[in-house]
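Letters A, B, C and D mark the chains as written, and numbering starts fresh at 1 in each.
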């Protein structure tokens, strides 16, 4: 279990121009999209890309998403987004995020998303038995309580 | 106080094609944008458009945003988004949202955003004395506890 | 033919806050999305919504899109987008757009998109015989040369 | 002049999940955003990041943008976007783009954007004399006719 735990580097992301708004900062809605990119990056680094997971018949819809904004991010600023799987039972999952400025390490935002697992017919599933590869890629990296 | 309370109709919104994703539903990040549109609609209906508020020197940044997804919305589906000011003290504000399908009245999502008020230099302000018009447009429509 | 030609009103659209960028104007990429909304509005007004067309087995992918920007649009400004079908032969189609400020009538932008028709397997099709309803909704409103 | 010409590598970009639409491909409007990312990448590689250029008082608004779509890009596919400055006279500029699949080298799309230069008051300027660093970063890499 913990022997399989990989150290996944944070997701590195530079803010695009079109992600700014007239306040001169990155629009708050874009962080929810950055969390999705962070999940995709995590799975790719962990060895089971989400694109492959979808081809294997599993999708991971979002049950809820939240973000608290601490410090603005500006155009061309680079952030590092850290992801932690704080709850996973093969049926539901909670992921937490910390967005830090790459230059200063200042906390830009923190977030959380909750998920469930479905098959290609959108039917909720438990992945432990039928999709062990999916089960392990999350369970192996789950935070110990 | 309650005499000034206006009944603001819900914000009516039809989902755009480019808001869908390959799951065939509206991407979860777009609801956070819809909440922003709902706030803008609310202020316009209440008689003090946000564009005017910004010209008068007040901006309302987002402290946090969250959404819980109950039922998917699809391309060309129309939703009604109801907004409630659940906390307001002239310094901070909490707004809650319910997204309902226009056809069935089924709950699509619920959400919450928290805000603070700043001047054009981004300095946090209390709006009660200096910007009474801003204070009233939120206080008059606040939910009684 | 011309008896069936409907006068379709322009698409009315108010610019959202999240559509602005740090230049304080609507980001140029959003106009391409507005053109898509204008097409959807056109079909709905003409009596054959695109959502129904997709259910009937026809999709209309974009071959090309272009926009020339004349005058900036700002947050909360309302524009009227006029659409003209300048070429249609049941196989390919060209649509042109004029974006005007609602208040002044000033030309904000002009654009053009080109399209082809496919079935649900993404196979290119000629709609005249197999999908007469699709054929007519474009042919009836085509600009005379 | 040509001695200063740098070989700038293409911009590498993997398509995000939220960039797809219900057709299962990257929505056509996103390519216009990718072209903007490609310009930002170009300037960073050429030694004069756009964020610095804006701080030095020069902005580069878009006069027009166009894209022709040849082959779809899908979620998690990586493309390489090549940029060529095909016209530049210190006052106006034309940039052309080729989007190729990283795996196959197949052409996904081609595009073009036209630009002019303004100061921080949005006044059109000629950059040759007043902003030689801006002038050179484009002139040095212009395509010979």
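Going forward, a contact is a pair of C-beta atoms (placed from the backbone, for glycine too) under 8 Å apart; a residue touches a chain by one contact, two chains touch by 3 or more.
This one's a predicted model, so the numbers in the text were calculated from it and none came from an experiment.
Undergrad: Please name the chain that ends up farthest from chain B once chain centres are defined by their CA atoms averaged.
TA: Looking at centroid distances, D is the chain farthest away.
Undergrad: Rounded to a whole Å, what is the gap between the Cα centroids of chain A and chain D?
TA: For chain A versus chain D, the centre distance works out to 29 Å.
Undergrad: Taking each chain's centre as the mean of its CA atoms, how far is chain B from chain D in angstrom?
TA: Distance between chain centres: 36 Å.
Undergrad: Using the touch definition from the top, which residues of chain D touch two or more other chains?
TA: In chain D, residues 17-18, 29, 33, 36, 75 touch at least two other chains, as defined above.
Undergrad: Is the way these chains touch best called a line, a ring, a star, complete, or other?
TA: Topology of touching chains reads as complete, every chain touching all others.
Undergrad: Flag every residue of chain B that touches chain A in the complex, lowest number first.
TA: Within the complex, chain B touches chain A at residues 23, 28-30, 32-33, 36, 59, 61-69.
Undergrad: Applying the document's contact rule, which stretches of chain C touch chain B when the two form their complex?
TA: Chain C reaches chain B through residues 16-18, 33, 36-37, 40, 49-51, 75-76.
Undergrad: In the complex of these two chains, what residues of chain C are touching chain A?
TA: 17-18, 20-22, 24, 27, 29, 75
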